[in-house]
Amino acid sequence: MTTHVAAFRLPVRITGFMPLIALVTLVAALTVADADFLTQRSLTAALRTAAPLIVLAAGATLVVLCGGIDLSIAALASLSTVLLALWLPDLGALATPAVIAVAATIGAVQGLAHVLLRIPSFIVTLGGLSILSAVALVVSGAGTVRVVDDSTVKWLDLYLGGYLPMSAVMAFVVVAVIAVVLTVTPLKSWISATGYSESAARLAGTPVDLVKVGAFCVSGACAGFAAVMLVSRQFSGGPTMADNLLLPAVAAIVVGGTAITGGHGSVWRSLAGALVVTLLRVGLPIVGVPSAYEQILYGVIIVVAVALTLDGSKVSIIK
Amino acid sequence: MKSSATIISLSLMAAVLAGCTEEAGGDNAAAESGSCESADVRLVGQVRNESNPYEASWLAGGDAFAQSVGLKQERLTYDGDSTKQQEQISQILAGDTKCLVMNVLPNGDSDTAPIVKGADSAGAYLVTQWNKPADLKPADHKTWLSHITYNGVESGQQIGDALATAIGGSGGIIALQGVLDTAAAKDRFAGLEASLAKNTGVKLLDQQAANFSRAEALTVTKTLLTKHGDNVKGIWAANDDMALGALEALQQAGKAGKVAVVGIDAVPDAVGAVQKGDMTATVSSDGTWQGGIGLAIGYCVATGKLKAADIAADNRAFFAKQFLVTKDNAAGFATPKTNPADFECANVFNRVAGPLT
Amino acid sequence: MSVPALEVRGLVKHYPGVKALDGVDLVVRPNEVLGLAGENGAGKSTLLKALVGLVAPDAGEIFVRGEPVRLRSVVEAANHGIGMVFQEQSLVPNLTAAENIVLGSEGSAVRRGVYRWDTMRRLAQEQLDKIGSDIDPLARTDSLSFAERQMVEIAKVLRIEERSQHPPVIILDEPTSVLESKEIETLFAQIRRLREFASVVFVSHRLDEVLDVCDRVTVLRGGQSVGEVATAGAVPGELHKLMIGSTGSDDHYHSGAASLVAAEQPRLSVRKLSGRSFQEVDLDVAAGEIVGIVGVHGSGREDVCRALFGAEPTTAGEIRMDGKKIDLPHTRAACAAGIGYVPAERKIEGMVGAMSVADNMTLTKQKARCTGPFVAPKKQATLVDRWIERLSIRTPGRDTAIGRLSGGNQQKVVLARWLVGGDIKLLLLDHPTRGLDIGARSEVYRLMRELAGSGVATVLLADSLEEAIGMADRILVMSDGRVVAEVACPNGGKPSPLDLVKEMV
Amino acid sequence: MTLTSAVATAPRRQSRRGASFRDAGPPVALVVIFGIFAALSPQFRSVDNVQNIVDAAAVLAVVTSGITFVLMMGSIDLSAAGVMGASALTVSLLVANNRNDNDYGLLGIGAAVLLGCAFGCLSGLALVLLKVPSFMATLGVSAIGLGVATLMFAGVQPNITDTMLESWAIERFLGFSYLAWIAAACILVGWLIQRYTRLGRYAFAIGGAEEVLTLSGVRVKPYKVAVFTLAGAFYGLGGVMVTSQLGAGLVQAGDGYDFSAITAAVVGGTLLTGGRGGILHSAVGVLLVMVLTNGLVQVGVSPYWQGGVEGLIVVAAVAAAVIPQRRRNQVVK
């Protein structure tokens, strides 16, 4: 898929395949370390595990493509789990869209603060991170909110045909929808132009501010959807539940080969990146790497993976 | 573009055709109670990290038990990251689960339910400790053998009382809370409140969260010391790491020895401090024992030496015995060690202090 | 004859699909100013890069004072006494002028990694003194004017004199393209002063300048040296002939093309427009009219232009299009009103270098390539190909990244961006021919005439006074943020540059 | 990008030398916030509390000094947490402690700082040789640092008994702890490096216009590596200081310092795009953040809300600082 989208415009290059190659290499290496790893059940579990991360990373990828960064996604997802858990008893099936809408709104508000106040996105979303965490803590009464009747979110934790986790399928659908919408509308060129050269985009009459706010909005919505996945898996919401997914999500984006400076990249790349990161997080301890070495290996592998996937020809100066 | 649309519609179609199932496919026949050979048992211990003394001693206890039955414990750590814990659990459960025994420290209350559900459907024997939501009960599950925890209200109150005594029954104290959204932090603080209700002379001047962290406790304590000055006669900390941070703060403020400090967990440094008289009291929960006992219960059931059905209802979820450590008895807690007798199948429930309330 | 300061023999450089240099020969004698002329793509920039070690030639030799050398980096070139003032200014904006001047060859100003500011200031002052500049060496570079920065660049290049212990060879790549005429005069004075102790290679698209300041001109075409002209008595037409291989059109500005100026209501009418750097500007442009605005740096004309595009805030005044009052809070509003803008900084503001020709061309008028909300690839392809053909844009294809095209073709794509919608009413052109060669310029001029002929109103901030006079029907002179004069400029009654200069000062 | 915005949006700047109006924002914000808290809480304005704020700021100041150099280049550094953890364990195992018989004193401290340098160097090498963006390179190095620290931890907390190291946090000179003086010295050294050494000026220039340096024949890569190495040294020292404060070597010694140091630097006026700001800016930023943290506790804001209020104020402070510089066609990333 990666190359398919890329081929729409660019000559097919080896770098387009790099995230996939990294993924396959990693699976192979884990299998060598522990032959039990390459089983259908194990891969199914890994896919199910990766789903929320894929969705989070896909949303944040849009912000990165615009040249910004969204550090609030994980905190927003945590808050969303709390809201969903609180609203499920009253709203039932409506709770899911309601939470996604609220998360999208919060994302959009951050985007507005970024473009209207001209504060770097790093700072806006870092501030957003602390504010959202505080709200989540207060709203939840600083505790876990249990979901007693999870019938309306349970569908996300089912398996398609007995093998494919529904959450992974939905994550794939989210990525596909974003990618297709971008490709068939002018949005893709607007986002790329904004990311590569904001001033040129603006002077070409591109709605730069709208595009950015939109990207933050989608990023928020994705955080909300990831939260729904987490709740369906955890049967509860918690004010810090997703907090630890921030750095893995950013890592997924970069490992996928999307330039952190903006412009170059795609959500498909982030999908591959999220799978790589998940395998690293889960695979290393499962095949028996001790905790301390696991962290060291994680650090080394992720750096090497980025070195492989980043298309140097697209980015002249690497900061 | 067209082809991606095709793929999506195809996969959606497949969904409709195939229908949905609750479980991933593959064989996961639940193990019959007691059908495993000792050598086939797979022991897994999972805690947050190996980089703090309490959890390190937990894993050490697990290793000690595993060695005593000629096995090896698989150590898993998840860096206090709930999602990572779930990911590891589901990956473990995706492997061979026939004679799997897990002794798990869930990161928070919310993490217990999915772990239990996963273990249940995979037929893995599970013992959880510390965190679980009140309405989730091991007795309702087949392979969730037991949940072990300590009465946080009791320990919070015990050290609260010890602190009140140490400052002579009257004066101001400050409280350092743990991570606000954990049951342990809440229960312990509730214990302090109970103690305050009893010791009317003691006044709670201020309470701040220091997230169970030594470094944060240091900063918070220093700030509170300047805020309340000499009115602070005692410091109540929800765990020993924070108590040790508070001790450092007192030393840096030149108040070492003038303010009483209490904590919970009995980590070696804290026991040392109690011995030296720097700290007034702590409560021992014996991490080494916790690391071994969870595996021991699971091992006994897996090998048939104990029948899950025979475990008394009160032992399916219980408070374990805890000990108030003061200067008088501190020497006995100075070096944590395991007693192999504790882990014999007949003795695994010896430390039950009472059913979970 | 003395040994040449610099000599190039048979230099060859291949790029994939292109032979950029095809056996170039070049001789630079001591104490002479050598002009280097050639159209875009003639190989000038590759040759210059080879001379300062940025490009490794595939074959051929370079001699410095008779010795064969291999130049592998800017540093090696500098050590041999060759230095270059780059086309895009190469100063670090957040350092002081002094640091920029000594950058890369700090010498005694930095001892064991530690700065000695006094020494540095002295060293920089020495260089600035050489060109008689009174810039404060400790001023931050981004606080200097453009012309001042150019002086700093030259001072910086002159540092290599100390480095090589020989008379340096200074290469000036398009130094005048962004300078105003007064600043150009200053620069030429400096070049003549440089000749006293150095050799200069001067590259410019403006042939009159080349003839004015150089002793001798070497003409490149198709990667080869095709001729050498002594400037004494030479005329631009002669050079031009050599450059393009035939006599160029005499009517450079296509002034023969009919310009239709409707009398009634002006298309654009601006009254008492004030902003940060301009006050009470009145401006009328009729459909089909080209109005030039001239003025020195700081006259505020660029900001007026940006304000008309909504890219610069205004504090007072009104703007009417076809009699209707419009608000321009952002560039979107201007685009919607049928206003187009071609910025001066093409590479930074005009285009998105990493994106394709097609994407750049359709960036603004998305409707032109869409069916409903969706991009229609076929529609886009037809549209883009049509404009590529119509403006004769030389590109391997519509999917090529625009950054890989030559400057002239890039500019045509940028212009096409405003035309693809078919709804353009007013074009604001800020130095539209900056950095373009004669051929490309001429094409841009023709296009401007064509658009004017079809009724588009144009505001032109020209590259030179000559260009303004040649192209405009009317010229406004701005000074210190105000319009100080208006000069009619009809065909057959063109004012002379001198007339305008009088009004500017 | 930086060249772009500098040239395109600010062709003519008013001030030519020295501090400009732009730099005044953060100090003004510091004074205002300090004033507000002082008015709200008498304890806040006590001498003791001011000492307390300065003491508490010491470690953050040192870490921020290091990170400032990296930010000035336009890169980012998230390795502080890991590097500090590794250095904390190293120093606590090398000076007198309860785990082994080592007693190397200052040598041990030096070794910990050197280890920090090594980690910084690793980040820099990953950046320039493997072309990995600093965001990821340093994230990876942080993980490596934590792993190394966990290895050294080996299950038993090393408590230090070295009197000199312990005295850093306890002994006072002119009212402030030694740690505060060490931090002040670090800021001074940092300022000297920034102002008077090629390394510092080039770091600044790399953030301004990296490609120009290359054109001028400067080999940029070694300087990049050197800047990361220098930053690593500061983190190493930071880890040592935390160890001195806590009396023990903790793997978590650097927890949270990465993001708070970046916040402090940015609040102080250092741009994430590089080329602007500096050590003194960062020092102001550190004080601002610490005043905020301390003040919120002093005026009794609920612990639940503290993080949120802090985030809000940081955003507001940055917003207030950028308002005077807002322009229509400005690029904000």
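Order of writing sets the chain letters: A, B, C and D. Residues in each chain are counted from 1.
Everything below uses one rule, namely that a residue touches a chain if its C-beta (ideal position, glycine included) is under 8 Å from a C-beta of that chain, and two chains touch if they have at least 3 such contacts.
According to UniProt, the chain labels map to these proteins: A, D = Monosaccharide ABC transporter membrane protein (CUT2 family); B = Monosaccharide ABC transporter substrate-binding protein (CUT2 family); C = Monosaccharide ABC transporter ATP-binding protein (CUT2 family).
Note that this is a predicted model, so its numbers are computed, not measured.
Novice: Name, by label, each chain that touches both members of the pair chain A and chain C.
Specialist: Per touch definition, common to chain A and chain C: D.
Novice: Could you let me know which interface, A-B or B-D, is made of more C-beta pairs in contact?
Specialist: A-B
Novice: Measuring between mean CA coordinates, which chain is farthest from chain D?
Specialist: Farthest by centroid: C.
Novice: Centroid of chain B to centroid of chain D, CA atoms only: how many Å?
Specialist: 35
Novice: With centres defined as the mean C-alpha position, give me the chain A-chain B separation in Å.
Specialist: Their C-alpha centroids are separated by 31 Å.
Novice: Let me have the rounded angstrom distance from the C-alpha centre of chain A over to the C-alpha centre of chain D, please.
Specialist: It comes to 29 Å between the two C-alpha centres.
Novice: For chain B and chain C, let me know how many angstrom lie between their CA-based centres, rounded off.
Specialist: 70
Novice: By the touch rule stated above, which residues of chain A touch at least two different other chains?
Specialist: In chain A, the residues touching two or more other chains are 137, 142, 183-184, 197, 199, 202-203, 291-292, 294.
Novice: Check each residue of chain C and list the ones that touch at least two other chains.
Specialist: In chain C, residues 311, 330-331, 348-349 touch at least two other chains, as defined above.
Novice: For chain B, write out the residues touching at least two other chains, lowest number first.
Specialist: 49-50, 180
Novice: Could you please write down every pair of chains that are in touch?
Specialist: Result for touching pairs of chains: A-B, A-C, A-D, B-D, C-D.
Novice: Can you list the residues on chain B that touch chain D in the complex?
Specialist: On the chain B side, the touching residues are 49-53, 56-57, 59-60, 177, 180, 206-209, 213-215, 218-220, 222-229, 244-245, 248, 251-252, 254, 267-269.
Novice: Give the list of chain A residues in touch with chain C in this complex.
Specialist: Those residues of chain A that touch chain C are 9-10, 183-186, 189-190, 192-193, 196-197, 199-207, 209, 263-264, 314.
Novice: Can you check the complex and tell me which residues of chain C touch chain A?
Specialist: Those residues of chain C that touch chain A are 309, 311, 330-332, 334-335, 341, 343, 348-356, 359, 362-364, 366, 369-370, 373-375, 399, 417.
Novice: Quick one: in the complex, what on chain D touches chain B?
Specialist: Touch list, chain D to chain B: 43, 46, 48-49, 51-52, 55-56, 146, 149-150, 153, 155-157, 159, 169-170, 177, 242, 245-248, 250-253, 255, 293-294, 297-298, 300, 303-304.
Novice: Chain D touches which residues of chain A in the complex?
Specialist: For this pair, the touching residues of chain A are 67-68, 113-115, 117-124, 126-135, 137-138, 142, 197-199, 202-203, 247, 250-251, 254-255, 259-262, 291-300, 302-304, 306-307, 310, 312, 316-319.
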